[in-house]
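Look for subunit A in each of the two complexes below; its partner is subunit B in the first and subunit C in the second.
Showing the complex of A and B:
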């Protein structure tokens, strides 16, 4: 089971080693050796981290590192474009550095550590036994050997420039990370963009526009509504996501051809030019592949293969005294640590909520909605609940605390027979938080 | 004497029972202008096609410009034709819907990349500076043949092959074309092999070989 889940990650690892070997051709052996050692280091490091800080912190660190690598790619892309379009800027200061042996080793080592760490995060937290770790490193080692053999079969003309190498490696790392909802970057990125657009529009209104003014026609509201939509986050995220590789592609496309003016014979001159153009075209191959991998990562992040626990809400009624009582035992076992959803209706109003026994053994009752997003509700997976609307992950430990995208807590009391909630409070909490935000979101007027 | 650019040993080409070229031993030194004569069906075109890499021999060895054509793959042979050989046929084989300059640029394109300025100056060299934008149908036979010459030399071949390039031309045009080829050879120093039925055309060369029924029967050196 775990092995199956690791297949895409190991596949990416194979790809990473392949491009590293080609990118640092001529240093095959040091790169391969460093790759295995780095991977093992990453596995051990992540294991130690997960053991000492279970929960969000460890995942947060690994995710932060992956995000840092993505930022580095941005830097590399901008630098590459700058370098290849500035006609006077002939000498690349980093050329010497990039050609040095130790650069290849450090680059490979860093990449492999991250790859190893991401793979380890995929292992079940408690099930990550020493044996599993050994098997993982062994598999990675075998894949390095396979990559050594496969690299020889690639056409010799397929060269990888430094920015292209960076693009391919980062794409594959992000693809690996996208298979874990806690390491995934694309969803939080699009969320950030959406929130930013949201805040921006909000401020804009407060400072400049009077929403009810006569001149602001309805169609205008339609456009403003666009900015609040899911689309903004998605497309904004897409732009940030794909731009670096596109910049790298452009930088290769704009690379200056060698000067051939000094060659007298036309045929020779044209032959040199044709060879240079062909070479430049081949150098586009790897970044184009990286673009595909980026797309695959974004797709996996938007449609994760993770299975969510998502029960249908059970309708409940209030007692004559105005209390909703959810029994601890009965048809549903409330104390199984899973999310249990209920639906309460009263005079045309309704409220959806869930009851959950969190890992520290305490009950919490919350609306199946937060104060920010559309009330699409929550699902549960991998020690977290996830907001279906904004894909934010909320660790089980923090469910029941108010704020942000956390589910809105509702007061309750636990008695021997079950969990007691005041029906009126429930309806009012829903009415005050959820409906209000939903109204603003759906077009403002 | 200059080193041989073409070296054949027992070069043979047969089509089933018909032996179009019987075992032929021949050496052509670099820079020579060789005329090939013989009656119709004697194997002149067959010999040309072998030397130009358009066809493969059935037996014997064939070295052109230091390359063993029998060892070359299809790709290698295509590269050899592209970079080493220029060919002019009796029929011009120009693309009818392209202009003169575009026809020359097409040859550049198949070789590497097109370069219009260079194509124009090549046409100017063959005296067609004023007909750059005309299509083959709008040119006389002699002019068409001169476009073919421009096209044949545009990629600086080491070997220029002509299969009766003046077969369809009157005396005046023939002389013009031959003069032009002579001038170009003096500048570019390529080797010429020229198949012809015309004894007068053969006299432009340094040496003439006579084929009969696929056999080299006679060889004649021109006074220089």
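Showing the complex of A and C:
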């Protein structure tokens, strides 16, 4: 099963090596060797990290590195656009550096370390066994040999510019990371964009002294309200996600053609320009493929193949004293570390909540809703719970703590017979939370 | 020293500077996002406090100014070259520059270029040909807009001060030094505009300090003694008399209630007692706006600690009595909760918006329908210096330029 889960990641690794071999075509052997060594280093490093810090920290570090690489791609894309489309930046100062052997080695090594670390994170909770790691490195080595063979079959005209190489590598790394919800970048990015849009609109209104909603026409406020929805987060995230590759595509497409003013034969000039345009078109192939991989990564992030544990809420009643009592053992075992959902109804009101024994062995009772989003509820997978509305992952360790997109905690007591919750508190807490998030209730689940 | 100044000028007038500065701010934003949910507000606060960040932000308007100077200089130089006033075209002034050893067969070339739709002018040994309009004015407007926008943001971040005050009908408008004019009337009226639903008008009488009569509306906000008057919320200032069983005498409180629109609640504590009263405004059955009409009924609930003792309603100017409790509202006046904001950055940002619209309105049609294309041929010492430049339709223009050079070359071969 683990091997099946690793297939997309190993496929990405094959793609990375293939692109690296073509990108540094004059240095195939050092690139291949560095690739294998780097991958092994990444596997060992991630294994040690996961064993030392089994919680969210290890995944956070790996995800941070992947995010850093994505930011670097942004910088590269902007620089490429400036360099290729403006005459004053046409002379690239770092040409020598990019053509140096050590650059190819360092680039390959860094990429391989990250790829190895991402693959290791896909192994069972603590990074798997030594045997699993050895098999992983062996598989990576075989794929490098396969890539060496495959690269020779590619047409010689298929060249890769440095920004395109970067785009392809980052796209494949992000595709690998998107297969793990704890390494995924797109969903947290969408969430941050949603928050930024909200803050920006608020600050813009305040800074420009624009009257508040009291005085603005309802239809117009409805449009402004769209900026607060999760659609803005998703589409804003998509723009940030795809823009670097689009910039690289534009930088190649609008690259300045060579000057042919010194040539006095029209046919020769046209031939030279046609060759330059053809070569420019071929260089678009790799970034276009990278664009597809970026799309695939965003799709995997939006529709993860992970099966969330999302039990149907069990109806519960309150005692005459107004207490909801949920036994620890019985039909449902509260101590199994899984999230257990309940539904409490009182009069016309109802509240959905869950009970969970967190990894530190303490119970927590929380609403199946957070204080920010529409109450679409939570699912559980891979050491986290996920908010279905905004796809934010909340580590199990922090469930029970208030704030952000965490489920809203509800006061309770644990007694010998089970977990005791005040029914009125539950109904009121749900009521207040749902009322506060009512503004974004459109299109609910 | 000259080299240092030259390096500083190169950096300040580089088009790469704004994305670099924005990149640094993006990285700081990302860094802050790890620590807090209110990232944008935290970043603004950091920038406000940090000299380095302020200087970094100031580089963008400075860069716009430098670019304006640099591009104006280049534009003027190009004009001089075109007019034959200057023979030396510095590198980078044109897209393509070439020197060819040919005789000036400009008459035929002039006819050819005119046939291609170029306007030509021959001045001595210089032939200039051009068509379309330059985007230079749009570019200058754009740079001015960027300057105003970022200067506005900088000014706003560093010098904005804001005070929230209640502007109450029949009382002087609150100011820092006092002696504000009397607020004669506060009116809320329906608006027929496409954006604003209501018009809010604050009429302020002349003050003893010498201010003239003022009328403040919603947008654009007006200035009063250097502060923008920015109405935020509506409410009422009231006198409330309350007595309860066991109280020796009735309490009279002058309070402000932020209870607009109907349904919004505000709380008033009765000092020296455990009582609190939560007020809201009833929605009139006829659908009218109680703030506009001045006719309204207050809904209230009286709390002792956290317990609700009773609920009721009382019309403005009326009285409510229940089991020894007495609640009277003898006086009720309209109130606007207003921010008095001193921020001249706002004016710069508004200017930037207008300039950007102007720049866009010029740039788009010019770039799409008649981009500037020009070429200059200068005959000097048995050679022709040919320069060409295009702001759009580059390849077609380059083709015409290259064919012109071919023509000159062909005539030279024919004459030899």
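Rule of thumb we're sticking to: the second predicted complex is superposed on the first by the 419 of 445 C-alpha atoms of A that agree within 3 Å, B and C clash if a C-alpha of one lies under 4 Å from a C-alpha of the other, contacts with A are read in each partner's own complex, and residues count from 1 in each chain.
The criterion applied here is as follows: contacts are C-beta pairs under 8 Å (C-beta built on N, C-alpha and C of every residue); 3 or more make two chains touch, one makes a residue touch a chain.
Source: prediction; values computed, not measured.
**Q** Thinking of the overlay built on chain A, is A:203 touched by subunit B (first), by subunit C (second), by both, or by neither?
**A** A:203 sits against subunit C, while subunit B stays out of touch.
**Q** Between subunit B and subunit C, which makes contact with more of the residues in subunit A?
**A** Of subunit B and subunit C, C contacts more residues of subunit A.
**Q** Counting only touches as set out at the top, which of subunit B and subunit C does A:260 meet: first, second, both, neither?
**A** Once the two structures are laid over each other on A, A:260 reaches subunit C alone.
**Q** For A:27, decide between first (touching subunit B), second (touching subunit C), both and neither.
**A** neither
**Q** If you stack the two complexes on chain A, which partner ends up touching A:5: first (subunit B), second (subunit C), both, or neither?
**A** A:5 contacts neither subunit B nor subunit C.
**Q** Let me test your reading of the model: by the given contact rule, A:338 touches which partner, first (subunit B), second (subunit C), both or neither?
**A** It touches nothing on subunit B or subunit C.
**Q** Touching A:268, do we find subunit B (first), subunit C (second), both, or neither?
**A** In the superposition, A:268 touches subunit B alone.
**Q** A:280 contacts which: subunit B (first), subunit C (second), both, neither?
**A** It touches nothing on subunit B or subunit C.
**Q** Which parts of subunit A are in contact with subunit B and also with subunit C?
**A** 266, 269
**Q** Tell me, which parts of subunit C touch subunit A in their complex?
**A** 14-16, 19, 23, 27, 30, 33, 37-41, 44, 92, 95-98, 156, 194-198, 200, 218-221, 228, 230-234, 260-261, 341, 343, 345-346, 349-350, 386, 388, 395, 401-403, 405-406, 409
**Q** Which residues of subunit A touch subunit C in the complex?
**A** Contacts found on subunit A: 67, 71, 74-75, 78, 82, 86-89, 192, 195-196, 199-200, 203, 207-212, 214-218, 220, 257, 259-264, 266, 269, 403-404.
**Q** Under the stated contact criterion, what part of subunit B meets subunit A in this complex?
**A** My answer: residues 83, 108, 111-113, 115, 118, 154-156.
**Q** Looking at the complex, which residues from subunit A come into contact with subunit B?
**A** Checking each residue of subunit A against subunit B gives 265-271, 273-275, 277.
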